[in-house]
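Same chain, two partners: chain A is paired with chain B first, then with chain C.
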Partner chain A sequence: MSAPLVRLAVVPPRRLAVARILAVLATLATVGIVLALSGRDPLLLGRLILRSTVGSRFGLEDLALFMTPLLLTGASVWNGVRVNLWNIGAEGQFYAGATAASAIGLFVPLPGALMLPVMALAGVLAGAAWIALPAVARAWLSVSEIITTLLLNFVASLLVYYLATGPWADHVTNALASTERLRILIPAVWGAVHWGFVVALVVVVVLGVVLARSRFGYETAICGANPDAARYAGIAAAPLLCTVMLVSGGLAGLAGMIEVAGTVHRLQGGIANNYGYLGIVVALLARGSAVALIPAAALMALILDTGIVLQTAQISASAVLAITGGLMAAIAVADELAAYVRVKL
Partner chain B sequence: MPETMFAPGEPPFLKLSGIGKVFPGVIANEDVSIDFRRGEIHALLGENGAGKSTLMNVVTGLYQPDSGEMILDGYGVEFAGPPAAIAAGIGMVHQHFKLVPRFTVAENLALGWNETPGWVAPGAIEAKARALSERFGLAIRADARIDSLSAGEQQRVEILRVLSRGAKMLILDEPTAVLSPVEVASLFDALRRFRDGGGAVVIITHKLDEVMAVADRCSVLRAGRLVGTHRITDVTPALLVGEMIGRPVDLPASYPRARPAPGPDAPAAMVLEAVSVRDEAGVTRLDAVSLVLRAGEVLGIAGVTGNGQPELAGVMTGLVAPFSGRVLLGGAPAPGADPGAFAAAGVGHVPEDRLRSALAPSLGVAENAVLREYRVKPVGGRLAYNAGAARRFAEALAVAANVRLASPTAPIRGLSGGNQQRLVLAREGRIATSVLVASYPARGLDIGAIAAMRERLAAARDGGVAVVLVSEDLDEILALSDRIAVLTAGRLMGVMERAEARRDVIGRLMSGRAADAEIAA
Partner chain C sequence: MELLTGLLSHAVLSGSILAFAALGEVIAERSGVTDLGVEGLVSIGAVVAVITVAVSPHPWGGFLAAGIAGGVGGGVMALTAVVLRANQLLCGVALTFLGVGLSAVLGRDVAGAPVAATFAPVRIPLLADIPVIGPAFFAQNVLVYLAYLVLPVAAHLWLFRTRAGLALRAAGEYPAAADAVGLSVMRLRSLAVITGGIMAGFAGADLTLAVVPVWSDGMVAGRGWIALALVIFAGYRPIPVVLCALLFGLVTSIGFMGQARGWPVAPAVLNTLPYLGTIGCVIVPLLLSRRLRRTMAAPASLGTPYHRGGR
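And now, the complex of A and B:
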């Protein structure tokens, strides 16, 4: 007479937390085993990774720089997933935001105090503009936003390559694939870490609070959970869904602005560095909570940093993708298993 | 009488001995012992959550019992899964048919059957289907597509499919829920034929008159335990109800009112003028329906499920815009499809499928409780949403609905169907100052909760609300209604005063015959 296994309709958060910690440990163990099998010393590499990430000031600064865009692209995707909208185009909106901010920074003569706010505003608006077409198509015509947002990523990416190598190319240093250095940059707050990191943290927290406390947040939550119930309650879903997507686009655009004005300082091809796609991972890790975006982005930043360390140890850069994929799979399994309890008789 | 058909010494087809099944925090079945005999129709009775479904899931191999044993034809058996139970001759007809709508009857019968030839020729399987139909005396059209069939015809296909797999025991879960009275009679004929041929039948049902009509014996479950097994000739419906709920509660056959029911000159809360509705495919679902809802009366809408009830409820609550005709709300023409405007005008709606259309299952009880009133203080304002106020609102609503909440923030899908229904009814009762449309409000409720639900509808009526009760349960309609309208194939077959309403007339109207047809018959 074995104890029956039963699926819970509502999983307690503690079970979930434990399951996820186990998933991370299982992923670590798998990576370690694979490294050992390929003739490396996992413990040695582990120590190296720890030292060059959380174990040193330089490593911590690096983590914060990685976290900054991930927080915002994560928030961009999370904001949509909450309402059952999948913004796969944070990458493209990131490029759009970075491009618009660079255009202001490079070509519009503004007084210093105004420069950064205007660049930020341009970034947000450009990100929102980049998602506007998919948003309208999704909200009123039910066109899948997954496809439209994804395809616009390639347009944005190629556009930036074109600008950075063509009309906006750097004629001062004749660098091949980037614009000139921006004249006004986001000031530093701690070593290489700039105020953009703080802004990203604040934006994430504010987003969570606003959605929990506003009528907009409530109505969009209903729309996401059950569109039929929203209609029944007299909620007009289309304008809300459109707004949600525009906000998502704006968040990713802001990420692009902060990256170009705070970290990279020039617009260059590939500046988005997959942050838009990794934002999906961050949003999925965070599940229902905006504040959880912070540890999720930190974990993702750690993995990115680990990839760099592994590269210096002559291990393929694709290892990052493999680790990320493995972690996502482990967490998906853990979330599901956490719902099952064995009942004692 | 049927019990004498077989010698007393013969073992029962299936003997359950001390079956127990436990879920977290719930004892679904405990020490249940029942004999299911050949040549017998055995009714399984019990309230929602009494453990009937769990027990049948054990019998059909879906669940493994945690204790006790099953003895098939004198030998102990264990079913590793549903295929094992089917191989042993135990077949189940579920409440929701498991047929492929786009396939023909013959194709559905051939589906997943190891006697189906590898090369499927339409002629061959149709011939086989017709042979089956003849053998078991269940009339079907072998070449008709499932989605063109009525619920009763689909059920016959489902039964035929189970029988064709060699079932010796047929289990039916609420088989009459979707049938018209005529179809019920033909189902019962088919079951009696199967019984008389030596088959064992188990029917799960709530409807006592059907138990009395068709069953030979019945077993009553309460809180997972067997209360008793009786020959049908030894019991009365009142006794069975007493066993089901553990106390002799009768649902009142009427809800007396302090003042007489409003007459034709009473103020109209809502008027439907020749309202027609078409679905996306252009099929007319509601055909020129004209109705006046009088303040302070209960209007019962009788009819078999799927005859335009969702469309009628939709038109009355603003979910569906009329294709033609118009709706007057408090004297003024109502906006087309604007549920928010209807709600603001005091129209409450308990929809048929509350989980799908009136609740957001993954959100908390609080979010769901305020769905109708989040726009007003204290929960909401122009821009704000006060989560704390929503929690307090939910707690107060739960008290009013007599639902015990573990936490107002826990997802509402964690509540039982009955509790969800109580919360929806309480929520809608709050906003329904003019009209309350309740579609199948008793679904998923046990008798105690049904009694409370009916009291609530009667109280709304006494408070001057025009109550519309859509139900397939004639007893419920007759108990509560002041007037009764019959809806068949989207048309209003007639509206009669309660005093003039006769069960047989309503039954005939429900099956699509004119009221005077019964005089000729």
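And now, the complex of A and C:
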């Protein structure tokens, strides 16, 4: 008789890691077979991908640049998921942060040393403002935050497109699809990688430590795990939930500011590049731990970068999107299957 | 007068896409599964419909093929999120990525070309001659009647007047109880998710065969996500959800009219109206009435995978 299957409540990290590696390999094998069937050489492409991502200085720089926004949008979503709040609107808050930072950078004459801190502050506040309505509605009226935050993404994306092609469009170089280049940019730390990368890493670690050690972190954790117990313990949930969401918005807004001031250098339509949505994936991959956001963002950055390489090899961006979806599904399934063990009686 | 008729006609037409997709999602969510894959499945349905009618020019053929393709996509969701019990949100977003990506790859050859066969408007005698509302409600293509009348009534009767519907709702409210009386939660939820997928496929076919008869990459433009919002707005009920879709269609067409008539507002700003309107519609009723919060509540076990013997 076969041993019965038992589902573990807490999955050991090693089982999880093995399951996910298997999921990635399975996806790669599937993609390789499809590529081979369509008459391409998967091994050649594989070598090309390795050389242009982890195998070269330029590849590593690109990875760090992709990781920077993903760390912060991942942290934005993760911060909510911890309390059972789903911020699907990091994309919109990212746009809001990028827009506010650009407005300061383009139109407010500030001394050089003040410029970047003020831009960062504006980004954080704009991100928080963009989530304020969903946050209040969720905390006091129990309106599903999934939908309200999500719908604001479309609004933000349309408004940024309007600003960048309309009133704020660049009339100097006549590149009418974006604003002028910002005058003051985040300085570089290693090649094309700027200090924003370091800031993002620090923010993620600090967020994890603060939430694990502070009274705020403790009370919000209780609200997330068991709202009834929180109420019984005399914790007023509504202001806490609202604050958590505002922090999430601020993190995504900071991501937008860093992206515009560090990487892209001008505000343009589509600047958020799905980083907000991919932040959901990063947060889900990281599960309970803030530090785990770092490898999760690294994996997502690797996937994005691979996508760019594949596009240079004449494979469309849409195909890459589909591959990303397939990989996500495989990882989701692997996470669940890793929880099952056979026990010997 | 003519303006009002045009406005209503456009509202009914563009709302019907949302009605199909949102109705399918009501069924899936009533069984306890949040299917965030709608956007992807609508895209797949839209492109499959175009490709099918390009091969053989029969609109119904395209419509059915889109439904089958949506059903297969729903099957993927059912396999991962229901049978294997993986995280529903992650699987849903993955399905959207898969669907949007695949639809663009599949549609490369037909992109931009006019669709070979479309659903033509059908005039209902007498009713279509009513001023203002006649042309808008009674001279539309047959899918409109399917979306606003036939399917929602059928879904309502199924969910609230049959034993099978009761079983489906039980799987979403209290799966352990459903399991205890011998119902298969896994089968009920899989069936509901596949049905939702078929409806999302229909929504895609409606888009390309009746509303905008050309396939272009990204043309679904968030309609799947809006359908998800409508489900919450309508309190997970089949008949209110299609009325909400119609209301939403109206908000969309106001923006459309504004562009056509050259209102002094940027098109991009007008385009934000549907999204802001939906947010208002979700928040305002709850602001007005506390009792609504209970009657509009989500199924109790929505989004929670069912493990027998779990808590």
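The definition used in the following text is that the second predicted complex is superposed on the first by the 344 of 345 C-alpha atoms of A that agree within 3 Å, B and C clash if a C-alpha of one lies under 4 Å from a C-alpha of the other, contacts with A are read in each partner's own complex, and residues count from 1 in each chain.
In this text, a residue touches a chain if its C-beta (ideal position, glycine included) is under 8 Å from a C-beta of that chain, and two chains touch if they have at least 3 such contacts.
Worth saying up front: this structure is predicted, and the values here are computed from it rather than measured.
If you put the two complexes together on chain A, you find that chain B and chain C both fit without a clash. In the superposed pair of complexes, A:A225 makes contact with chain B only, with no contact to chain C.
After superposition on chain A, the vertex angle at the CA centre of chain A, spanning the CA centres of chain B and chain C, is 70 degrees to the nearest 10.
Of the two partner chains, chain B is the only one that A:V341 touches; chain C does not reach it. Of the two partner chains placed around the shared chain by superposition, neither chain B nor chain C is touched by A:S56.
By the touch criterion stated above, A:V320 is placed in contact with chain C alone, chain B being left untouched. Looking at the shared chain after the overlay, A:T173 reaches neither chain B nor chain C. Judged by the touch definition given at the top, the superposed model places A:V143 against chain C, while chain B stays out of reach.
Between chain B and chain C, C contacts the larger number of chain A residues. Closest contact between chain B and chain C, by C-alpha atoms in the overlaid model: 5 Å.
Comparing the two complexes, no residue of chain A contacts chain B in one case and chain C in the other. The touching residues of chain C, when paired with chain A in their complex, are 40, 76, 80-81, 84-87, 89-91, 93-105, 108, 217, 222, 225-226, 228-229, 232, 266, 268-269, 271-272, 275-276, 278-279, 282-283, 286-287, 293, 298, 307, 310.
Residue ranges of chain B in contact with chain A, taken from their complex: 22-24, 64, 66-67, 318-319, 338-344, 349, 351, 356-363, 367, 371-372, 374-375, 380-387, 410-411, 413-414. Chain contact summary for the complex, chain A toward chain B: residues 1, 4, 6, 8-10, 212-218, 221-222, 225-226, 228-235, 341, 343, 345. On the side of chain A, the complex with chain C involves touching residues 7, 86, 133, 137, 141-144, 146-148, 150-152, 154-155, 158-159, 161-162, 166, 277, 280-281, 284, 316, 318-329, 331-333, 335-337.
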